[in-house]
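As written, the chain order gives the labels A, B, C, D and E, with residue 1 at the start of each chain.
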Amino acid sequence: MKLSEKIIEGLLWLAATITILVTIGIIWVLLSGSIPFFQKVSIIEFITGTEWTPLFAKKEFGILPLVAGTFLTTAIAIAVALPLGLTIAIYLNEYAPARLKSTIKPVLEVLATIPTVVYGFFALTVVTPFLQGFIPNLAGFNALSAGIVMGIMIIPMISSLSEDAISAVPKSLREAAYGMGSTRLQTAFKVMVPAASSGIIVSVILAISRAVGETMLVAIAAGQQPRFTLNPLVPIETITTYIVQVSLGDVPHGSLEYRTIFAAGLVLFVFTFALNNLSFWIKKKYQEKYD
Amino acid sequence: MTNSTRNRIKDKAFQVFGIFCMLIGLVFLAALLINILSEGLARIDWDFLTSLPSRRASRSGILTAWAGTLWILVLTSLIAFPLGISAGVYLEEYTKKTKMASFLEINIANLAGVPSIIYGLLGLEIFVRQMGMGSSLLAGAMTLSLLVLPIVIVTTRESLKAVPQTVRQGSFALGATKWQTTWLQVLPAAFGGILTGVIMSLSRAVGEAAPLVVVGALAYVPFVPSSPNDEFTVLPIQIFNWTSRPQAEFLVNAAAAIIMLLLITFLLNGIAVYLRNKQQKKIKW
Amino acid sequence: MKLEARDINAYYGDFHALKGINVAMEEKTVTAFIGPSGCGKSTFLRIFNRMNDYIDGFKTEGEILLDGENIYAKNVLVDELRKRVGMVFQKPNPFPKSIYENVVYGLKIQGMSNKAALAEAAEKALHQAALWNEVKDNLNKSALALSGGQQQRLCIARALAISPSVLLMDEPASALDPISTAKIEELIHQLKEQYTIVIVTHNMQQAGRVSDTTAFFYMGELVEHAKTKTIFTNPKDKRTEDYITGRFG
Amino acid sequence: MKLEARDINAYYGDFHALKGINVAMEEKTVTAFIGPSGCGKSTFLRIFNRMNDYIDGFKTEGEILLDGENIYAKNVLVDELRKRVGMVFQKPNPFPKSIYENVVYGLKIQGMSNKAALAEAAEKALHQAALWNEVKDNLNKSALALSGGQQQRLCIARALAISPSVLLMDEPASALDPISTAKIEELIHQLKEQYTIVIVTHNMQQAGRVSDTTAFFYMGELVEHAKTKTIFTNPKDKRTEDYITGRFG
Amino acid sequence: GGNSKESNGTDDNLTGSIQIDGSSTVYPITEAVAEEFRTEAPDVKVTVGVSGTGGGFKKFVRGETDINNSSRSISESEAKMAQENNITYLELPVTYDGLTVVVHPENTWASTMTVAELKKIWEPAAQGKITRWNQIRPEWPDQEIHLFGAGVESGTYDYFTEAVVGKSHASRGDFTASEDDNVLVQGVSTDKFALGFFGYAYYVENKAKLKAVAIDDQNDTNGKGAILPSPETVKNGTYAPLSRPLFIYVNSKAASRPEVVEFVEFYLDNANALSTEVGYIAMPEEEIKKQKQKFQEFVSGLKK
């Protein structure tokens, strides 16, 4: 090979390996922040404690309230996004004329391009007051409206990715189903959805991962109170919100407070990392099936 | 009722339900846009765009915020695009199916799914503290660059994938080297797609607030940044700040700033979609 | 006449894919459609079970009479039609389910749920498709684990299970090895006794072996339709001759 | 011998795609490769310009002698080899650039930049490919705007522009209409005077019309290689005969 | 600089930047001063952060900021740290505040509370135990109480815990704690069962959405019964124990820079006008004069 070719390839390689440095950087930052933290706080206490008051005089370091808050908003979001998103995916794939599909899909995807602060604003100033009309006990900051709005925000993740997965099922299967006299509904649920199931699962996992990591929406609308509860009507705090809250206070470097955000970040990273890898793994398996 | 009619009724029923679900999404979107427009549109005027922040909502403007946003966009582009496109080219055109290649691929897929706030922690520790950049534009832009890097890489790869293998083969068969083929044939053919992805990644960067909050971009910054070392604020953070204020006038400001932010986001996405469509029309393989 | 096409014109958007086609097929005969790639064979075949209905921008003009009734009439229910007109595709396309589930799929979606009746119907269809002996011990195995030729016969069994009277086959052997091809051709011979069969093929010798009449298509037009023997030995049209003798294609 | 393959075995990962193939081709002759889909024709053809080098997991054993030198020897520069062995593909694959840029691409990447010389070479190549008269007024038009047949001739011109001595063609007419096909066949006749040509085709009549010798492949093996006339009238192997007479494929 | 501007009192020659951080309670005044100062010296870049008094001091004592907003006096440990880092400074009171306890306007029951009741709610022992309104007074509703309070880095938190619980920095931890008082206002104003506390200005700014609770310290020497915060009750000391002064702290190194001197003088000149504007309580004129003098001496002391 010519020398210039070698040099160019080397430079390109360097650019590609920077991505590994980023991962190493993330892990290093999270660990170097967390390890000193875990030297002071036992890991057992951290993952089983139900009180989280690291900023107070009487310090408790149980991450469970933040995990519960994260779980709650995520669960609500998925409860909204999954049925809506999947139905839309099937509708677009099996029922909608191509013109409708090619307009609706991008329009729905607009939902995913809107910055999340905007959703936070909307949840806080419109959705919560609206819901308070039905649920008088609903606090101003709550997991419910943050979760619902987040659910709508991630509809396109599920609808578009699932739609892609269903579209990727070989056309011949659909034709076989129609050729046997199936209705569109039968074609969808008896043939297409089962065949696309791994792709659909991937979309849902990615949506969960997205919901777990969502920050500004919950920081604005869900509250900032770590609380070990699954009650959607009261203020809670997610892992991400906690990091924002401490960051806003402009954390003094090296303090225990500063380290809690890395410990919390580590938990968040582990969750999303597991979800992302799971989805990647399923996707790989699924691609092999149809190649 | 025969089975067959029952099947057809179910079929129709699901069709109606599908339309209903779609409408929920659309109505929500419309409600959001209408609400924000009705709240904020009247507030937007020249003064709003050119005023510094103020304690009085009515005097407060978004000059520093959009100037900061602009700075961030430019700096992020300069850092993320060369890196991301090079990495994408390497992965798509140069790697064989080695362990290393699949490791890189998993790694990038993972990075794409890392929550943005984690990137904030990375930026805080590496750029702000270790490298001593402080809460500067540069630190913010570097953080966002890493955040959008996976998007740039993935879309670059997809655009390269969309270039038919026959183009490469045609070039190789004429004695072209790998880089000649990549540079003279593949990249030009993929240009539109790459540009689309690049713009999409910018639109993502424009809307991000969380990582910038963590790297410390939330000061009262009553001046327009003049160098990459200056402190800064951006539109989403300005919105976040105003949203967290209880006074109604500030919420109006927030709505108005949201309109500007959405304008930028939609503009970028619009350009991207336009380019994509144009590209698809131009080249029919 | 079992099947008859009257003045069929078909369009993909602006593209005129079929141009004024008239053709009639008798009951319990095999008709072969031949012609160069892209001439419209598949498009035409799929018109007989309205398989093109879901293709956006596709439009048909004219009438298709099945047992004398126009299948494009307003009140025709497409799913009912497809139960009468079965279809086998170029690439074997079994569902990613068990062999058994594949065969009984058509009956199940019609609401049939009696286990014994389903099993019986499955066995009968697999017999007809000459597959029973090969799979009878493995009915619960995944259909995807069968060989290509077995998959194609499974698809034929699946189509036969709902007792259609017409069978449309779009290059059913083109993806298969010589032995499987021979089996399918033999099968067609047997099925002719009960079904009206239309087969698209790009293999002229195959057309010669299996069909009673052959229709030659060229660029959306039906150039010639006649007894297979006639077409091969004494074509009327220059284009048919050119094609048969391998001048192009 | 211009080209010679010695004991060629080829693998896609574990799949043994070519099995111990020996074949020799004389200078300025046309050799046709025929055989059913998937038998390895394309794989074998692409071995002559090492086009398979970039396929992951692909492995070749054996020697290919071009003018007596093994092109798989260590010191061979692949890009230099490909300047001597041109290739034309099944689907026309012009670059999405102007007609002129397509033809001169091979010369430009060799570093030629003299405008007049480039223009002259382009004209010569387009003449050879029998395309000059049709495009001479539109050299700056996008190549994608040409018809399929013109595109294919452009690809031939592009290959000729760098003056190879061998021309590999993989089903060069299979995507074309009869008139374009005839033109390409005629072109091959003319090019034979200067070039050694290897052509893959699935159209046996075409092989009969254009080639001097024909090689029949089946499942990765070279079954028979002989004078074209002999293959078609008096095949030695049963499989060849079955294929030629359309028993399968 | 142009003459016209100088005649308006602007000083175009001043450049540089001033870093301010600290108390969210003081923030509205400093923000107002900084904003008005722009017309005075347009080329001086003033940034004002909100880290809470404690958070601000942590930076201030390391010399990272020029001025610290503060809603309490510097603590001993903070002062010691400053000394270790060779940081000297000057404390300047700028206004008075009445720390206000607030509830939702539709809260009809809790109009007055005693300090003892507040203690019962906020002391560390209350964590996880005192969670319902009727645990404070049986006649109050059997509803969960949602608490909102100043963050732990804030002076307000220190002051409130000191005054109510009896020990600085000691409280329960299961409440929404934020350095940003706006978040607290948002929380209380949208939640019928909320209770919170923060600086008087934030209450005044949002009077329509909040209801202040009258506080009874059960000490009749400084006003009988429950007393609401107001300029009068704060000034005359009857709003006890939650009345307090607010300060800025000026780093001596910073005070040797002309733009900082100019800024602080501008601050003192306008403190009364701006603090009443944003909702705080003006200091007596002679007090202001005294502070100005103190600052001038401090600055001239530095020059020697």
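As a working rule, a contact is a pair of C-beta atoms (placed from the backbone, for glycine too) under 8 Å apart; a residue touches a chain by one contact, two chains touch by 3 or more.
In this text the structure is predicted, and so the values were computed from the model without any measurement.
In summary, the chains found to touch both chain D and chain E are B. Annotation of chain A and chain B: jointly contacted by C, E, touch as defined at the top.
Chains A-B form the pair joined by the most contacting C-beta pairs.
Remark: chain B and chain C have CA centroids separated by 50 Å (rounded to whole angstrom). A separation of 36 Å divides the Cα centre of chain C from that of chain D.
A separation of 39 Å divides the Cα centre of chain B from that of chain E.
The multi-chain contact residues of chain E, meaning those touching 2 or more other chains, are 49-50, 180, 183, 186, 189.
Shared interface positions of chain A, defined as residues touching 2 or more other chains, are 124, 183, 186, 248, 250.
By the definition given earlier, chain contacts exist for A-B, A-C, A-E, B-C, B-D, B-E, C-D.
On chain C, the positions that touch chain B within their shared complex are 77, 79-80, 109-111. Across the complex, chain D meets chain B through its residues 49, 51, 54, 56-57, 79-83, 86-87, 89, 91, 93-97, 105-106, 109-110, 144, 155, 158-159, 162.
Looking at the complex, you find that chain E touches chain A at residues 21, 49-52, 55, 58-59, 124, 127-128, 143-144, 146, 151-153, 169-180, 183, 186-187, 189-194. Those residues of chain B that touch chain C in the complex are listed here as 3-4, 6-8.
Taken in their complex, chain A has these residues touching chain C: 97-99, 170, 172-173, 175-183, 186, 190-191, 194-195.
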